[in-house]
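Two complexes follow with subunit A in common, the first pairing it with subunit B and the second with subunit C.
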Partner chain A sequence: MKVGYPQALLYYKYFPLWERFLGGLGAEVVLSGATTKNTVSMGTIAAESELCLPVKVFYGHLLELKDKVDTIFVPRFVSVEKKSYTCPKFLGLPDMIRSINDELPPLITPKIDLDKGWREYFRTIHELGSNFSSSKRKIFSAYRAGVLALRDYHNQLQAGSTPIEFLEKKKYRKVKKTGLKIGLAGHPYNIYDTYTSMNLIKRLREMGAEVETAEMLDDNIIKREAARLPKKLFWTYEKEVVGTVFHWAHTHSVDGIIYVLSFACGPDSLIQVILEHELRSDTALPMMSLVVDEHSGEAGLITRVEAFVDMLQRKKMAQLC
Partner chain B sequence: MLAAFPRMGHIDILLGDLLDRLGIDYLLPPVNSEKTLVLGAKYAPEFSCLPLKLNIGNFIEALELGADTLIMAGGRGPCRFGYYAEIERRILKDAGYDFNMITIEPPSLGFFKFVGPIKKVSGKSIRKIWRALKESFPKARAFDQLEKLVLKTRCYEIKTGATTKAYKKALDVLSKISGPKEVDGYLEEALALVEGVEKNLDRSVLKVGIIGEFFILLDPFANLDIEEWLGIRNVYLERSVYVTDWIGPTANNPVGGVSDTHLAKLAENYLSHFVGGEGLASVGHTIHYANQGFDGIIHLFPFTCMPETIAKTILPSVGRDLDIPIIHFTIDEQTGKAGVATRLEAFLDLLWSRKRQNEKKRLVKSRQLV
Partner chain C sequence: MGDHIKEDAFLGIDVGSVSTNLAVINVKGEVLAYIYRRTQGQPIKAVQQGLKELESELPGDISILGVGTTGSARYLSGVVVGADIVKNEITAHAVAAGHVAPEVRTVLEIGGQDSKIILLKDGIVVDFAMNSVCAAGTGSFLDHQSARLGIPIEEFGDYALKADEGAQIAGRCSVFAESDMIHKQQVGYGLEEIIYGLCQALVRNYLNNLAKGKDLLGPLVFQGGVAANSGMKRAFEAALNTEVIIPKYYNVMGAIGAALLAHESMMFEERKTNFKGFAAADFNYKTSSFSCGCCENNCEIIKIKVDDKVLARWGGRCGKWELDQANRRRDTSGVSSSV
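So, the complex of A and B:
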């Protein structure tokens, strides 16, 4: 059975897990490929105009896949830890997709809701696996292989590789290092999607800056830093962004921060306030917010990023002298 | 200590009554207006939703009037409202204000997080707080019941504006309620005032359901007074959410009349999971109203609202399947009354022509039977 996997949204977080799991059960996992202009325009036409770009991009990937596969994998991520949620858009994703006008192949929509506990989760995994195999043992050994693949992926990321390099085996050209280090914050589907981010990581590297992202940091550090919020943030992925930026703000382990956010993103609109509040003092790290949507122009973005990197470089020189 | 809380429709009735019972001094910031919104939008992030902008505006107005303690509701997500208090505190502190923020979390996050803060500011025992809550609720519910009646009957009034006039008088009557025992008497008197408005019950009216995000639905400024506008144009209205249903401890929605579980069941084929806020209820109510033979649905929500944007994505298929027209309004600080009115007029024209056609069809059918 050919299972379509849209290369968008939480793909950057969990792909190795699901690929190994489904693949281990005999499914042929078909990826939609990197985001292109066509993906975005298809998504933009099919999706409700007020949705955020990442969801429109997901629509685009799904539509690119629909005629090539027997089924498409669209999990419903409700929560990935206790007493938390993901963004509401993830909670409603399969239903939104079903309301698309085009003919779609059947969807596989397991509900991941870890707030309900592991028992419930493993029941979901079993049910999901049952679409492909009737052997419980086979299902769980495939799942275990998936977990190992995910762990390997995380290790690679913590060693400094980016999801693009790992998942798409892309190599970035070696560039001369200037000693500048930039923290890149934001949703993985914004910063790692080469189209949405206009290849930001590659560009920064070409400008001589080393790039650090949340995925390269130790989970425990992020958790500890995020716990400094007086009220726990109930969105897991946004908590990661906050914890990461808090860590940089705290340790000054980067020279500056670029925060990429989606136009009209609900969670981003609030965490932006938290980040700016944290970085408001004169001695704080400089942070630049980049808002991306389907209309953002490449030229404007590059100019802004270049100006920011220049500024950081000058600041660093001044400190060294 | 001088406390203040944000404005949202007549929620001040409930909260004011509660604070009086608890002996907490408070001031009411002015009702939501253009000024409040401009003030709030200046400090709030661009993509935050309208309720946050108005809250900020209210709080600044209250602080300028001398409030030093801000009371705000908390929440556990996944919609943004649950984190508003934290964000508002930061925005106002960064703007240079000095105050104390009290966040009242919903009991589902732990009973103590709910009563603890109230206990701290009021110095009252948990038993007393509980009693105050129980005593304040019935009064607020009476306001909701009155409002519901107004929405249903304004379309029949003979003299335009008579219902609104009677409604104002009736509100004064309800304001006299000082305890649960007095609710029935005054409510009867208030309802009688609205019922007494001269009506033409033979008039043909459109039946429309208003659904969407709670804040927009509950606050007349935020919804551009759409209900009165529609009522005087002969539209019978029902609304998906009322103040006490929204904060009420039960899922029964006694004023609105449809329970949350029933709504989820209705929505199941289109949206099979909650998505925060009223997203699921919006889909459920659309189906409920369609089943009741309503002529159309008006969907209102703030720009960038996550749950309602999801609902907006899904509702067109509901409308198609159940053959009911739905119009959506995304509201932000740039929304103008005139633009909304123009679109609404066209929508009502559509509903009238559909209604006439359906009646003709029915007539032809009954003739054929004869």
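So, the complex of A and C:
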């Protein structure tokens, strides 16, 4: 069976797990490929206008897959840890998709809800695997292989590789280092989608800056830093962004922070204020927010990024003199 | 002429959406000559005309040792004149402001279609912000209103200064601001109050959009084409309750910054300038565009030629069309596999 996998949203977080799991059960996992202008325009036409760019991009990937596969894998992520949820759009993703006018192949939509505990989760995994195999043993051995693949992926990221390099097997050109290190914060589907981010990581590296992202940091550090908030955040992935930025703000382990957020993202709009508040003081690390949506022009982004890198570089030079 | 010692100088060119500015500075950073003119949608022509005017204004014998370009047409103008350094307008404005007044802490800059705020400390930029897609509150909007009211933009400031108080005008969006202004006219407000009210609305918009969450410390400098409008200066001073300085060369600060950056870069790296000379004003430049079509992104590629020689190409996402980067990327076969 050909199972379509949209290369968008949580793809950047969990793809190795599901690929190995479904592949181990005999499914042929078909990726939709990197986001292109065409993906975005298809998604924008199909989606309601109020949706955020990443979800519109996801719609585009669904439409690119629809005639190539027997089924499309669209898990419903409710929670990935106790007492925390994912963005409401992930909760409702399989339902929202039904508003697409084009006919889609049948969807596989397991409900991932870890707040309900592991027993419930493994029941979901078993149910999902039953679509492909009747052997419980085979299902769980494929799942274990998936978990190992995910662990390997995480280890690669912690070693400084980005999902773009690991998942898409793309290499960055070696560039002259200037000793500048920039923390890139934001949702993986914004910063690693080369179309949405307008190749931001590549651009920064070509300007001679080293790029650090949340994926390269130790989970425990991020959790500890996020816990400094007086009130716990509801959303797991936003907590990761906050914890990462707080870590940089606290340790000054980067020279500056670029925070990429999408225009219509509700959670982002709230944490942006939290982050700006944290970094407000005179001695704080400089942070620049870059807002992306389907209308964003490349020229404006380049101007800002160049100016930000210039600013950090000139500051460094002045400190040396 | 032969035994005359030529003065070393640097040229900066800032081509924006509305104005094209050129400035020549000497090694001490003093302005020798400058030109401010409208771009009128033809950046290449504007640069060439500007070069001509500048040449006739320049005193005695000078030799240009370096050229910098900035502004939204910085790449295009860089190719036209042969720039040694191409920099974004935020850095250029910041460098110029820090040079003219090293003690400056805040730069308020409003140009034709963009506005920015730059915070400095000891002459070094520590934070900045630039308006996003919306051009409400920039020079173009003021231009449009001056045309609608039939008052030359140069006289806008005088009207605003005559008003005792400004009319309340919504400045969040230029479409709403315009309907608000029409309403105020219909109910009988004087032109002076409306124009000053408009300045206040633009300042409010600027401060809400760009200065959000930032501490604006003095000395404050207000530059960019809109600084010519004394009504805007008055509105800024009223809103911030402090004095706002308008530098002498407020409308060509970007060009001065580009010239300073050219000076700096030529000092660090010993090389000869790429400047094509003032003769570049007479070259026959042609631009054209085409869709690449090699992948689904269908990038639009811009090509600039002089006579029949292609000088530069840009606009692609993958970089395969760019000529000036040929030494950086040797493989030009197909779409690059690198990200």
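Rule of thumb we're sticking to: the second predicted complex is superposed on the first by the 321 of 321 C-alpha atoms of A that agree within 3 Å, B and C clash if a C-alpha of one lies under 4 Å from a C-alpha of the other, contacts with A are read in each partner's own complex, and residues count from 1 in each chain.
Just so it is clear, a contact is a pair of C-beta atoms (placed from the backbone, for glycine too) under 8 Å apart; a residue touches a chain by one contact, two chains touch by 3 or more.
Keep in mind that what you see is a predicted model, and the values were worked out from it rather than measured.
Novice: So, A:Y85: does it touch subunit B (first), subunit C (second), both, or neither?
Specialist: A:Y85 sits against subunit B, while subunit C stays out of touch.
Novice: Would you sort A:L51 into first (subunit B), second (subunit C), both or neither based on which partner it touches?
Specialist: Only subunit B is touched by A:L51; subunit C is not.
Novice: With both complexes overlaid on chain A, does A:E168 touch subunit B (first), subunit C (second), both or neither?
Specialist: In the superposition, A:E168 touches subunit C alone.
Novice: After superposition on the shared chain, which partner residues are touched by A:K176: those of subunit B (first), subunit C (second), both, or neither?
Specialist: In the superposed model, A:K176 contacts neither subunit B nor subunit C.
Novice: Of the two partner chains, subunit B (first) and subunit C (second), which one does A:R280 touch, if any: first, second, both, or neither?
Specialist: Both partners, subunit B and subunit C.
Novice: When the two structures are overlaid on chain A, which partner does A:K202 contact: first (subunit B), second (subunit C), both, or neither?
Specialist: Second partner only, subunit C.
Novice: Quick check on the output: what are the common subunit A residues between the subunit B footprint and the subunit C footprint?
Specialist: 276-277, 280
Novice: Under the touch definition given earlier, write down the residues of subunit B that touch subunit A in their complex.
Specialist: 45-49, 74, 76-80, 82-83, 85-87, 90-91, 93-94, 103, 270-277, 279, 303-307, 309-310, 312-314, 316-317, 330
Novice: Which residues of subunit C touch subunit A in their complex?
Specialist: Within the complex, subunit C contacts subunit A at residues 72, 87-91, 94, 122-128, 130, 132-133, 213, 215, 295-298, 317, 337-339.
Novice: Can you name the residues of subunit A that touch subunit C in the complex?
Specialist: Residues 36-39, 164, 168, 170-173, 194-195, 199, 201-202, 276-277, 280, 282, 286, 291, 295-297, 299-300, 302-304, 306-308, 310-311, 314-315, 318.
Novice: Where on subunit A does subunit B make contact in their complex?
Specialist: Interface residues on subunit A, with respect to subunit B: 47-48, 50-51, 76, 78, 83-89, 91-92, 94-96, 98-99, 111, 229-231, 233-235, 263-270, 272-274, 276-277, 280.
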